[in-house]
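Structure below; questions to follow.
Order of writing sets the chain letters: A, B and C. Residues in each chain are counted from 1.
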Amino acid sequence: MYRLAKKIFPIYRSITGEGVRETLRILAEECPFLKIHEMLSGTKVFDWEVPKEWEIREAYIENEQGEKVIDFRQNHLHIVGYSQPLDVWVTREELQTYVYTQPDQPDVIPYVTSYYEKRSGFCMSQQMMRALPEGNYHLYIDSAFYDGSMTWGEIVLPGQTEEEICFSTNICHPGMGNNEVSGPCVLTFLAKRLMQQDRRYTCRFLFLPETIGSIAYISRHLAQMQKNIRAGFVVTCVGDDRQYSYVSSRTGDTLADRALIQILKENCPDYVSYSYLQRGSDERQYCAPGVDLPFCVFCRSKFHEYKEYHTSADDLSFISQEGMEHSLQILLKIVQLLEYNRYYKTTILCEPQLGRRGLYPTIGQKGTYDDVRVTQNFLAYADGTHDLMELSNLLHVPVMELAQAADRLYKKRLIKIV
Amino acid sequence: MYRLAKKIFPIYRSITGEGVRETLRILAEECPFLKIHEMLSGTKVFDWEVPKEWEIREAYIENEQGEKVIDFRQNHLHIVGYSQPLDVWVTREELQTYVYTQPDQPDVIPYVTSYYEKRSGFCMSQQMMRALPEGNYHLYIDSAFYDGSMTWGEIVLPGQTEEEICFSTNICHPGMGNNEVSGPCVLTFLAKRLMQQDRRYTCRFLFLPETIGSIAYISRHLAQMQKNIRAGFVVTCVGDDRQYSYVSSRTGDTLADRALIQILKENCPDYVSYSYLQRGSDERQYCAPGVDLPFCVFCRSKFHEYKEYHTSADDLSFISQEGMEHSLQILLKIVQLLEYNRYYKTTILCEPQLGRRGLYPTIGQKGTYDDVRVTQNFLAYADGTHDLMELSNLLHVPVMELAQAADRLYKKRLIKIV
Amino acid sequence: MYRLAKKIFPIYRSITGEGVRETLRILAEECPFLKIHEMLSGTKVFDWEVPKEWEIREAYIENEQGEKVIDFRQNHLHIVGYSQPLDVWVTREELQTYVYTQPDQPDVIPYVTSYYEKRSGFCMSQQMMRALPEGNYHLYIDSAFYDGSMTWGEIVLPGQTEEEICFSTNICHPGMGNNEVSGPCVLTFLAKRLMQQDRRYTCRFLFLPETIGSIAYISRHLAQMQKNIRAGFVVTCVGDDRQYSYVSSRTGDTLADRALIQILKENCPDYVSYSYLQRGSDERQYCAPGVDLPFCVFCRSKFHEYKEYHTSADDLSFISQEGMEHSLQILLKIVQLLEYNRYYKTTILCEPQLGRRGLYPTIGQKGTYDDVRVTQNFLAYADGTHDLMELSNLLHVPVMELAQAADRLYKKRLIKIV
């Protein structure tokens, strides 16, 4: 996975353009089910409009000696996303109106965009800005806007039913590791693993430009999404090695919330829980009133909450193979849990006779029943109104241990699925 | 307001009689919308009957020297309310069967009534009683009972709808400041202020003899009250300078409870909360089973809970202009809150593009969104199922700040009222 | 009661056989309404089958000197319940495969059964086992299995309605005091006391072999039980002097749970509360999914939780007349509470005039109302949606004190039963 991250990290991405397409092509080499979709510039999507396609060819600041002070080829964050073309000489003082820094973090380059207002701008560290001597500077941006299209990727792995688990990530951020090459890499590998499995759930993976991409996708597919999606996860910032984070859906009680909490609680109990007030990625669209899809957010270090976020410090060194692999394992567990998460009901009135089925000791003496207690408790509570996660919490038994008990009982025809 | 309080304080009031009429006439001079209603003695009202009208002309205790030991003209609390006529000479010892004192507060005259059992009695401080020398005493009460009527006042300020906010207070207590001239004074001024406003809600103000007055009013208007009243407040003991008090409705979750709690929590967080078990004024009738009106109680020092309650110590010096004015401000805020308290729903699927409406920064850089967060959060939760108070609590934003955000969004047509 | 316990303690009981019949005959001498029922061996009951009747005539271990090392006539726990006939000589070492001890309690004989797997076995204390010298031992069991029947007892005390309170206990445990002669003794005496009362509820008492007995009973009577039983109690281990225990029903909120908790909370507030996860007696059947009867469990020292449980230490000295009598008093209080536990509603709108009914002081002065507060509060909350137990908890008044207030108000026709 880290190899894939290294491959797509150097590509310049924005919400439209060749960088997105190139990124998706590389992901498609890993997972051939990935399909690339285009939507024409100017298309109305709810309250928004797909912007013109933006191409950036060159962008630098040159001093009077012809030395390039900064060049966007050195670090993609040096250019403000969607900058207009520019070719001017300015004084040291005028330069400040074109340059963005992160004053509270003087040694990093911030990530800045201006998608919906015409601007031309550069980003650099506050330190570098302060160090610039008096003099004139040549600001040069060779960019172009044209009627093209916005691009996204989609993988669909059909299951036995149309009921869906949906994973969504972004492919519009340039030059950052955790936010955002970790998300597409982990989801591509998740798709590769799940390709080989038989599943009840159809799994869908979306690789979208943030905000405009999810709005565009929802505007096209809302009815189908509302009909099919049972649990959705925004997956972003999943490459570092720190604590996990969970951001609630608007209502906080969807199947997605419950599954993510269950798995984190059992596997990484020191995870941090955020309310929907701390939302910030495409869950803003999926959970919007009237859209009402069951999405929550899965991160390690959550966007907005770690210092390196949206700066040049969030580079390839901030993420790791181990970080992404562990995130992938958590996502696999979530899928596995959802596959097992049924409503079970006993098939027999009163307790079944477990002894003759080898599920209960045939000798009655105190202290001999402990190891069959999970099985007995499962049967005692399997009234068809609790799903596996609820049973796990009622019985204080890890959910996958309970899934095994369910399996045994199901094979003995002592429970049925409601 | 304090001037008005001084004007009505000296009038002798009981549950019927000229004192009530005189009081209401003075209030009507302040607020010309005040209408005076009469109900004939003997009228059946649910389980009760309107009592005969009672007139008290003279009441005193004289010693053998012809000196008046007490005279009800000096302090209205000296006479037991609804006393029968009396003209007897008694010994010092016999005197005790006619005189009520407050043994646990020896220096105050208690407030005592006997509306529904024939009695003749006087009240004095325990100290004064103890100091009386042996000898004979002349007890004289010149009172009269006759078929007259019971009187109450009512102000109705029509709003754009028939939905009502109702305020209820008492005008039957003689010679006490907080309980009870503060209530009628504050409500009269509240009506004066609200007269000048355009409102969605009709506002009704009731000035009633306690218990029998509210029972009589409800017996005549129950169906209409149940149809129209959205929030009702018993307003009493609102003239002192101490902490505010809230007494819950029977169910505790009416719009009235929620609005009063919201305003007290934000403006006077040290208010004291009482359960319906601590009820004691006309909420006993409004919240009775089968009546079920959404009333709670608003006080400063709550009846039964302050030492001066129902004694001569609750006089004009116990209340103040500042105390009443601040209570009035709280009530105005409650009306304002209720006017704003709608269920809002977004008009657009997914997030609207706030940038082009001037509601969002057009530059995307971390740390620039904080001041628009309230607006965004409002939209994110405006699903038509939460009213403004619930949103305020969900978003941790003061309710009137949220009302302003609602205003802005409503004008941009980004939300509608459900 | 203790005399009765002493009488039935020495009878050898198992899930079938003469011991059960003899025990029930003795109970029937105390309470003539007790009826004895039989169900033929081999009868299918849900997932189970009524086992063959088992008769045990002799069982001992003899050493080479012809001395009886143990004899089941000395202590009924020496024989494994439902042992097959046996007549073999074994070495000291081979002996161990036939003998059960309780290693964590070396000085007691454990209670062991093997109802559904063919075994022949003896029980003795670990100490005695260790002390046995090398040598050969004669194991002799004279038992027989034949097609007979399983026996249970039932008392029905009809009430004014078919609505039922059901009490269930076991009569299948040999040689133990708390578990299990205390249960049948207390219930027999409970029936004797209730025989003399007029009741709304029909009371049913079941004396069953554990598990197979309740399953058999339910299999015959399920529809009727679901229709009539309003509250059911498994009564077991009620003879010792320690703290009371409550084991929740599966849902935890049945009328039975509420009544038992209410009475324990008010009378024995140090009782211990167990979840349905700690169940263990016939509530396993009554509360099974699809059976769904409102049963919880009432014990003093709860089965599985006290050291003496299922050993020879749970003998007649472990229980006492006082222990059983106090348990009986608690059960009587529960019946009394359920009889009173109605939904009450006021018959009059607004407060009734209590004064003219002698329920309220006719003089109005602060401090005079405290003793009528319970009556007033009852009326204030009697809206037909709270039963007596809920009112007790809302008003913070012991439930039987509230029952008296209800009585007074009912007689004055101020409340009705909903």
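Criterion: a residue touches a chain if its C-beta (ideal position, glycine included) is under 8 Å from a C-beta of that chain, and two chains touch if they have at least 3 such contacts.
The structure displayed is predicted, hence computed values, not measured ones.
**Q** How would the chain A/chain B interface be labelled, same or different, where same requires over half of its residue numbers to be shared?
**A** Mostly different residues form this interface, as fewer than half of the numbers used are common to both chains.
**Q** Expressed in ° and rounded to a multiple of 5, what is the rotation angle of the C-alpha superposition of chain A on chain C?
**A** So the copies are related by a turn of 120 degrees.
**Q** CA centre of chain A versus CA centre of chain B: separation in Å?
**A** 56
**Q** Residues of chain C that contact two or more other chains, please.
**A** none
**Q** Once bound in the complex, which stretches of chain A touch chain C?
**A** Touching chain C from chain A are residues 345-346, 348-353, 355-356, 362-367, 377, 379-384, 395-396.
**Q** Give the list of chain A residues in touch with chain B in this complex.
**A** Its residues touching chain B are 46-48, 81, 100, 102, 104, 110-117, 119, 211, 214-215, 218-219, 222, 250, 276-277, 279, 284-285, 287-292, 304, 309-310.
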